[in-house]
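Chain lettering (A, B, C and D) follows the sequence in which the chains are written, and residue indices restart at 1 in each chain.
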Amino acid sequence: MLGIGVLGCGRIGAMHAANIAAHAKARVTAVYDINHAAAQAVSAITGAPVMASASEVFASPDVDAVLIATATDTHADLLEQAIAAGKPVLCEKPIDLSLTRVDRCAAAIAHTSLPVQIGFVRRFDPGHKAVFEAVHNGSIGKLHQLIITSRDPGFPPQAYLEKSGGILRDMTIHDFDMARYILGEEPARVFAVGSRLAAPTLMNVLDDEDTITVVMTTHSGKQVILMNSREATYGYDQRVEAFGSLGMAVSENRRSHHMVLSGSSFTGQAAPLLNFFIERYREAFDAEIDAFVDTVENGSPVAVSYHDGRQALVLAEAALKSLQEGRIVDVSEIG
Amino acid sequence: MLGIGVLGCGRIGAMHAANIAAHAKARVTAVYDINHAAAQAVSAITGAPVMASASEVFASPDVDAVLIATATDTHADLLEQAIAAGKPVLCEKPIDLSLTRVDRCAAAIAHTSLPVQIGFVRRFDPGHKAVFEAVHNGSIGKLHQLIITSRDPGFPPQAYLEKSGGILRDMTIHDFDMARYILGEEPARVFAVGSRLAAPTLMNVLDDEDTITVVMTTHSGKQVILMNSREATYGYDQRVEAFGSLGMAVSENRRSHHMVLSGSSFTGQAAPLLNFFIERYREAFDAEIDAFVDTVENGSPVAVSYHDGRQALVLAEAALKSLQEGRIVDVSEIG
Amino acid sequence: MLGIGVLGCGRIGAMHAANIAAHAKARVTAVYDINHAAAQAVSAITGAPVMASASEVFASPDVDAVLIATATDTHADLLEQAIAAGKPVLCEKPIDLSLTRVDRCAAAIAHTSLPVQIGFVRRFDPGHKAVFEAVHNGSIGKLHQLIITSRDPGFPPQAYLEKSGGILRDMTIHDFDMARYILGEEPARVFAVGSRLAAPTLMNVLDDEDTITVVMTTHSGKQVILMNSREATYGYDQRVEAFGSLGMAVSENRRSHHMVLSGSSFTGQAAPLLNFFIERYREAFDAEIDAFVDTVENGSPVAVSYHDGRQALVLAEAALKSLQEGRIVDVSEIG
Amino acid sequence: MLGIGVLGCGRIGAMHAANIAAHAKARVTAVYDINHAAAQAVSAITGAPVMASASEVFASPDVDAVLIATATDTHADLLEQAIAAGKPVLCEKPIDLSLTRVDRCAAAIAHTSLPVQIGFVRRFDPGHKAVFEAVHNGSIGKLHQLIITSRDPGFPPQAYLEKSGGILRDMTIHDFDMARYILGEEPARVFAVGSRLAAPTLMNVLDDEDTITVVMTTHSGKQVILMNSREATYGYDQRVEAFGSLGMAVSENRRSHHMVLSGSSFTGQAAPLLNFFIERYREAFDAEIDAFVDTVENGSPVAVSYHDGRQALVLAEAALKSLQEGRIVDVSEIG
C-alpha cells in the first residue's frame, strides 16, 4: 500500500486524491494546499491528515511518494524539494512554462534515481493506447501520417488563460506529447498557424490564439498534424488517427452510452460526447496512478519521463516561434 | 452515511460491497457469508467487520440497511428476517424461484413500510434508461414493438445451472423486467420457444434450453420480443429497441473504447464488447446503490419494487408453461 | 442481347423496363399494359414497341423472355401463357394470393424446362447476401437465431391494401422468403401475432393488421423472428441479423450518404434511410435482371424458383392461420 | 435531348459516355479518340457514330455540346476549338498543367458567353455537398477549420505519373477545389510538406511525393488542412470535415453495404470502402452531367467555372512552391 502525499487540492488534485483513495494499492497519507479549505475537503473524503506546509508533507514518514498538482509555477520548486526529501514524484504537466527553469530543475535532480513521472494522462487512454499498439506491433505497417484532433468544449476561465502560457503550452502540449508517444521518433521541423475565431476580442486581450493547426515532420518524413480549438459546441473532441503503409488506426470519440434515436427528421446519438477530461479520461487517470504505483513499488520503467515533459515543452516553444515568425522552425533551434 | 450490512460475499456480493465502500453516501458496516473466507476477503477491502451469522448482521446497531446477495433459496428467509429486524432491504433478483414462496414472503412483510428494492440492475443502465425516457417522454410516440436482445458471452458453471431454475427464470427474467419497465403496461399473453443448440448435451442433462425467443402482447396490442442465448462468441450482447408511432430508440452495445482498425481485408472495432455484466453494467450497479440510498435516506419511491420482482417471475412461469405446453399462455393463468 | 417483353408498366414494371434498357446484355423488345398510356410511357423511354395484348408479346419473334409485372391476379394466367408460348419468365411476387391457383399453375407448367424466376428481389441485396454468405461459408458457425426487421415508411394506398391479400401475404412474404433463403432449411412451425396500432380504423375496415411479429422454428431448432410495421416515420427499415455458434452477421440499414452533423444538442446522420424499395434495392433489382439473363442465356440455375415462390406463400398462410386461431401452426397443415 | 459529342474514350471518357447514354435528357451523338478502337468500343455501347477527328465532332449538327476527356495536354486546344465552333464544353480537370496556357486559353475564349464547366466531380457528391450546405446554411455557424482527407487505394501506372504534373497538380487539385467550394473564400497563404514514404524509389525517379499535407489560411483566419496519400491499403479514403462555431459536419467514407460481422476476435464491416472513383463518385458523375445539361438547356449558372479550374491550379502551384522552397507562400505570388 503506497502512501501518497497530495500537494494541491484544486480540481485536478482532488480528483487524483479520490482516485488514489479508491486504488487497491495506494492511499492518501497527507494533503496540502495553500487554500486550507480545499485541503480540508480532500481530507474529509480521503481521511488523510491536512499538513501545514509542503515541507511537512515531505517530512511525513507515512508519505512514500508525492503527487504534485499545485499551480504550474510551483511545480519545479516542489519537485526539487520532493527529490531532495527522497520522495518519488508524480508531477502534473507542464513541469514549468519556462524551458530554462525546466532545465535548471533537471540539473538539480540529475543525481537521483528516484522515479519522476509527468502527468500526460492521455497516453493511458484505452483508445489512444490501442492506436499506439497498432503502430508499434506492426498492424498498420510503417507510420506515414499521424492526425490528432483536440477540441475543448469551451474556454477555461480568463484567470486561467492569463497564466496558462498560451494555447500551445497549455492545450496543444498534450498533443505534442501524444505525437511523440505514438511516433517513436522526434519531430524535427514544426510549422504552426493560429487564428482568433471563437473569441477574437478575448484573444486580442490575451495575445493568444483559440484555433491552432500544427504540422510537424520527422527526419524520416513522417507527417504529424495537430488541430485544436478552445470551443466545440458538440463537446470534448478527442481523436487520434494513425495512417500507415498497411492500414489505419483511429481512436474515436466516446459517449456515456449508445442510444440512437430515429425520427422523421433525424437519426442521432442521444448521449453527448463524454465531457470533460475527468469523465473522458477517467480510466486513463486510474491507469496513470497504476503505472506510478507500479514504478515506485516494482521498479517498472517510468511511463512518462521528465525528458518527455521537457520535449513536449520544446515542441510548444518551436510551434510558438513558427507562429510568431511565420516560418518553419527546426526543433534544434529551441534546445 | 448509510451503514449497509452485506449478506453474501460471492462475486455479486463482493462487487456490491466494493461499490458501497466507494459510495459517497454509504459504507459497509457488516459482512457475512456462510463461506467465512469470502466474508473475510470482503472485510479486508471494505474494513467492515465479519459477522458470525445473518442474525448478528440484523442485530448490529451500525447496520441501517441490508443488501442480500446470498444463494437464491435463502433470499426470502433473509428478507423476512431483515424486515422483522426493521432493516430496509436491497435484495438481489430473483426473490425466489417459487412463486408460492414469493407470495408467502410478500404476506409476511405486507405490514411493513420499510423499503424493499429488488436488484434488477439493468433498469439503471444509461442507454436502456434513455430508451425508457424516449418511450415515456413521447419522443417515439406510442410504443408498438419492443425488442430486447440478451446474449451471454458463455455458459455459467454447470453447478450454477443446476440450481438456477432454468434459463427463463435466471436469464430471461432480466428481460421480463426490462419489458415491464419500458412498456408501462402489463404483458397479457406469452409465447415462448426454446432450443438446445449451443450445448445440446448439457441442456438434455439439465432439461433446459440455451436459446430462447419469447413473444408477449399487451391488452392494447403492443408486441414484445425477447431473444436470449447462453453463448455469444462475440461477447455480452445487450440491446433494447423500442419502435413507436413517431420513431425508434435503440440502446446499442458498448465497448471499452472505439479504436477502429482498417486494413486491406478488414475494418473493425479493436475493442470487444464490454464483458461481462460487472463491466457492462458498472454505472448501473452504482446507480442502483444511489437509488437505494436515496429511498432509505430521503424516502424517494422504491426504484424496483417487490411487486416488480414478483411480476418478472410470473412472466417467466408463463413462458415456461408456454414452452412446455406448446401454446400461448394467458398471464392470468399464472397468478 | 436478350430481348425481354415487359408485361405491366406500372411503377414496378416501368422500373424493371428502365433497368433492362440500361442492362449490357438485355433490352426491352415489347411492352404491354391494359393502361395504354402507361405502356406508351415505357415505350418512350425504352424504344420498345407497344403491343396490343399480352398474346402479341408472346408471339413476337423479338421477345426471348418475358417479365410479368401486372396485377397479382393475372400473374398465374400470364405465366401459363408465356410457358405455353415457349418464353422463359421472370414473374413478380406473389405468384398468386391463392395457394390452390399457385398449385394449378405449377401443374400446368410442370412439363416445361423453361426457366421461371420469381421476383424476390431482396435475395440480391449486397448486405443481405453477405449475411447469407456468412451463414453458408461458416463465418458464424451454425445458425441459431435469424431476425428480420422490415418496416415500410408508410401505408400503401387503400386501393392496394384492399387487394393485397393482407400484410402477411403482401409484406411479410418477403421476409418468409428471406428466412428460407438464409436458413437453408424449411421452417416447421409458425406462430404469429398481429396488432392494429398505426392505423386502427383502417385496419378494422380491412380486417388486416399493421404490426406483425412472426416466430418460426425448424426441425433442428433454429429460431426465426420476423418483425413488420406498415409505418416507420424514420424511413424504410430493412435489417437482417443472423446469430450463430461462432458469431453474428448483421445487414444494417443504408443511407444515400454519411454526413454526420454534430451540434450542441445533437450528433446525427444528415441523410435519411434510403427510401423506398426502388432506391434501397436498386443494386438488387439490377442483380435480379443479371441473374435472369444468366439463367436464360447460360443455363445457370434459377436464382429464385417457382417452388420458392410457393413456399413463401405457404408460410404466409400458416402465419395467417396462427394469427386467426391463436395457436402455433405446423407448416404441414397448409400443404 | 442534348446531343453531346464525347472527345476521348479512355476510362473516364467511356464512363461519361455511358452516363450520358443513360441520362434522361442527354444522348451521345458523336465519339472520337486518337485510339480508334477505344472510340469504337464507346460507339458500340452508345450507338453514337465514330468521328475521324475532333473537328468533325465540332462540325456535326447533331452535336449540341462537347465533353472533353482526352489527354490533359490537349484540353486547352480542344476547348478553344469547341468554343470557336460554338459548342458549350464540359472539360475534365485539369484545364492544363501550365498556368500560362490556362490563361492564354482564358483570353482566347474571353469573348464567349457559351458555358464552360470544369470536371471537379466531387462537388456533386451527396455527402460532401451536405457539408457544403451545413456550412452555407448556418448549421455549423462560422467555419473555423476545414479538413479534407484524400487517399487513393493505390498508385496509378508510372506512365500516368510521368505526365500528371506531380501529386499536387493531379491529386491534391481535387482538394484545392473542394476547399474553395466549401470555404466560400479564397485561401491566402499556403504551406505544404511532402514525403516519399509509400514508394520512395519510384518517387525519387519521378522527383515527386506520395504523401502530402497542405495547410492554407484565408484572410479571415479560417484554417484548411489537406491530407493525401497515393496508397491506402484499406481503400479509397474520401472524407471532408468542417468545424465551425456552432458544430461540425463530417462527410464519412462509404461502402457498398453495411453488413457487420462479429466473432470472437473481431467486429467489422464486411464490405470494403467503395473503390475507386467511378464507384465512389457514381452519383456525383451523374449529377455533374445533370448540372451541365441544366446549364446548357436552361441557362442555369455554370456549376464549376473556368475560373474555378484556374484557381485550383494556382493553389497547386503555390503548394509546390512552398514544398520546394520550404516556406509559406502567399497565393498572390502565383497569380
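The working rule: a residue touches a chain if its C-beta (ideal position, glycine included) is under 8 Å from a C-beta of that chain, and two chains touch if they have at least 3 such contacts.
The chain lineup, named per UniProt: A, B, C, D = Inositol 2-dehydrogenase.
Note that the structure is a prediction, hence the values are computed from the model and not measured.
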item: Chain pair with the higher count of C-beta pairs in contact (B-D, C-D); value: C-D
item: Between subunit C (Inositol 2-dehydrogenase) and subunit D (Inositol 2-dehydrogenase), centroid-to-centroid distance (C-alpha), Å; value: 39
item: Inter-chain centre distance, subunit B (Inositol 2-dehydrogenase) versus subunit D (Inositol 2-dehydrogenase) - centres from mean C-alpha coordinates, in Å; value: 57
item: Overlap residues in subunit B (Inositol 2-dehydrogenase), where contacts from two or more other chains coincide; value: 233-234, 246-248, 262-264
item: Topology of the chain contact graph, where touching chains are joined (line, ring, star, complete, other); value: complete
item: Residue numbers on subunit C (Inositol 2-dehydrogenase) that touch subunit B (Inositol 2-dehydrogenase), as the complex places them; value: 141-142, 144-145, 147, 151, 191, 193, 195-198, 211, 213, 215, 217, 221-223, 225, 227, 229, 231-234, 237, 243, 245-248, 326-328
item: Subunit B (Inositol 2-dehydrogenase) residues touching subunit A (Inositol 2-dehydrogenase) - in the complex, by the definition given at the top; value: 22, 24, 45, 125-127, 130-131, 134, 139-140, 246-254, 256-264, 270-271, 283
item: Sites on subunit A (Inositol 2-dehydrogenase) touched by subunit C (Inositol 2-dehydrogenase) in the complex; value: 233-235, 262-264, 266-269, 272-273
